[in-house]
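Next, two complexes with chain A in common: one pairs it with chain B, the other with chain C.
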Partner chain A sequence: MKATAFDQYVTLVRQGLRAEFVDKERLVSPVLFALTMLILFAFALGDLDQSLRIKVYLAETLLTALFALQLSFSRLFEPDRQDRVFDLLRTYPVSYSSLFLAKYTLVLILGSATLIPTMLFGAFLHQSANQSLFSWLVLGISILALAGLGALGVLLSVLTLKAQARQILYPILYFPLTTPVLLAAIQSARLCLEAGVTSPELKSWIGLLVGFDTIYITLGILLFTELMDES
Partner chain B sequence: MFNSEDKREFLIGSVLQTFIIFHWCLAFFYAPVDIHQGPVYRIMFLHVPSAITAFASSLALCVFSVLSLRNRSERLMAWSKGTAEVGLLFTILTLATGSIWGRPTWGTWWTWDARLTTTFLLALLYAGYLLLYGSMAPGPGRTRVCAVLGILIFADVPIIYKSVTWWRTLHQPPSMIRQGGSTMDPEILWTLVAGIFVMSLYAAWLVRVRGRNILLADEIESASYASFGT
Partner chain C sequence: MLVISNLSFKFRHRRLFDDLSLTAERGDLWHISGPNGVGKSTFLSVIAGLLNPTSGDIKLSSNGETIEDRRAWLEYLPAEANGLYLKMDAVQNLRFWSQLRGLKLDDEAIFGALAPWGLNHPLLRSDFPVEKYSTGMKRRLALARLSLSPVPGWILDEPLYGLDQQALAVFRERLGKHLSSGGFALLVSHDLEPFRNLITGSKEIVSRGSM
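Entry: the complex of A and B
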């Protein structure tokens, strides 16, 4: 009996998660990197004015998360490449859309494991006696940003698979392309913390974030198949 | 030795250069002096057409990329690479002219303004595309990978275009195409329209020439591989 696309997706997610949990330092290293960066930022910036606290918290934590996520995204196909799973997969009748969605789900799970501790630790470092910086809505906005960054991350991971000097090329392509998502996330999170959920601009920034997520996920599904045919 | 195709390209190039000189004459002698900025504003006649051409190049790159993915065409891929090179050239020209204009007007060569930063990002993306192209072995794999990136780059352009309306920036909002009509003097407007037209034609010609050169270079490279193999 032929496996449905959904069965393939579930199997690929399980296989990916197993591969990640076997190599635990791959799982933990982006989080440790992010936390170290936050501490370094805290040392470098020292005690901040109340007016700057929100801006610095958001810029620092989201940028740190972006760097840490880039580390884990760029190595997304590394276990598959090392064990020749990638080449084997291409000989099986696996739907490439299922493969993309499986890798994307993996990125969302692993990315959340990096993003959530980074946001919590960042809020803890920058909190003051009269202001708590943790907000569920900001966390939701960060997850929305992760949805767009993840789709782009999977796509660029395959895109640079055959390129020479991919360690340099990946960030060169990744950071400029993530700008719209990052800008929308920072602006909406800032409005959320400064002006509250009633801010009229908040809706349009979140709309832009969702719009770019949709664009990147759709392009990801459409273009991943094209890339897999030749990679 | 020049063949007939070279001669034709030379002729087209010469005509386009004449158009550019004619446009500069319009910019210097036909368009009036701006009462607020003085003669320095005339750099806008180079800056705005360069910027529009740089953004149009990303649209052309996207179209060529989609077509090269669909038709698996090496010719279209060569044109895509040519478009990225021309796009990078005009983006750098946009940043340079903007910077020269910014010094006397804003008092600084560069500021981390939304429009400037996003345009700089476009230059980085074009450079990234060319780096990726150069780092891969020729063949259908490279065609597909670069085509995918070409499509992704276009996603950055709406952000650059809308940046001046979304953020409070030093850069002025659109004054040519806006609700309620253009705010420009008709002589300035028509000089600018002529500049955009000439610059777009010139960019299209550059893409055509570069595309042809890239195809020739690929043929020579393939021939050298073939002779090495025998």
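Entry: the complex of A and C
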């Protein structure tokens, strides 16, 4: 008897969410970290010039979100590492694509739970009477960035899972690979807020972001199986 | 039927076992023995699919047909670990592993699986994280997972770890039932007494990998 890949995916997502909710510290700490960072930024920068508001808002919220997401990604397999659950998973007839997609779904759900409050709070701190910084399109762009970063996060989490030097290996591999996604996210969000949605360059940057997301998700699915098979 | 042919495993420059062969058929219980550190657990890890052998073959067949994914036919119990989500309760753990095998069990079926192991008390089975269990209770839960599973092959690495006499009797009875219903098992255990009448074959791994 064997469960279908879809059933396994649903089971793994459910278990992953349960693992997050039973350990609330894991769930809440990235959001608290992000909000604290934003408050510190706001105190340090004080009252900003109108022309700088957009740039500072985007720089600090996306940077803060990146670090907060980094916290979530690096702890993605933590519940599976206890009591050799991950090893046992590898001995079960689990489709590795299902496992990748389940972890990826968790990253998207938990990442959004960090990203959305961060973007909202950042916009609230920097908005002025005549300029609201919150934009649905910017939030969409941030979620597109999360889609690319999340695929990389899952891949690198499992890559470093067995490596003894994982604490060092993770940032070394992760940060260079995230640069194109972050660059495209920052540029498209800046254009969206400064020049408006009709800006001709906006489509190109969003296209680049979608392109990198597609590459990283495809690579993720393909390489995850290889990494799991490697012993 | 599990056929292991000329299996060798080398870790970096250390050869753990070499040219190891055995055939486990329905009803067989193979005891894998040898001194500490010789590679008994590694041997079981290779069969479970956690490690790739340096050379040799592991083939599983049923009614003459080769099984492609042997993970669907084997259940592995590691030594000194139980594969439990420690922050979750017993029911959540058993349900998770059963669902991955395609079993859709209702609460009653899970309670029934916990009962022989003395874990079916409402205060123990639900809303009680298994991290609060004693070593023996965690092992009992891992064995409950094993006995719920419909697969024919059990790979057991020190299954008696932490068990008391009562749990040991239950395990012996479950193992006997598993073997008599057409299953097979590979076992590493330093305490052979409980299995004396069940063992059908024995392999000793001696140091430096020779048999």
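Note that the second predicted complex is superposed on the first by the 228 of 231 C-alpha atoms of A that agree within 3 Å, B and C clash if a C-alpha of one lies under 4 Å from a C-alpha of the other, contacts with A are read in each partner's own complex, and residues count from 1 in each chain.
What we mean here is this: a contact is a pair of C-beta atoms (placed from the backbone, for glycine too) under 8 Å apart; a residue touches a chain by one contact, two chains touch by 3 or more.
Keep in mind the model is a prediction, meaning the values are calculated, not measured.
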First, second, both or neither for A:226, with chain B first and chain C second: first
Which superposed partner A:140 touches (first chain B, second chain C, both, neither): neither
Contacts of A:183 with chain B and chain C, given as first, second, both or neither: first
First (chain B), second (chain C), both or neither touched by A:172: first
Partner chain in contact with A:23 - chain B first, chain C second, else both or neither: second
Chain B/chain C common contact set on chain A: 231
Touching residues (chain side chain A, partner chain C) in the complex: 1-4, 7-8, 11-12, 15, 18-19, 22-23, 79, 82-85, 87-94, 231
In the complex with chain A, residue positions of chain B that touch it: 69, 118, 121-122, 124-125, 127-128, 131-132, 135-137, 140-141, 144-145, 147-149, 151-153, 155-156, 159
In the complex with chain B, residue positions of chain A that touch it: 152, 155, 159-160, 162-166, 169, 172-173, 176-177, 179-180, 183, 212, 215-216, 219, 223, 226-227, 229-231
In the complex with chain A, residue positions of chain C that touch it: 48-52, 69, 71-72, 74-76, 78, 81-88, 92, 96-97, 99-103, 129, 138, 150
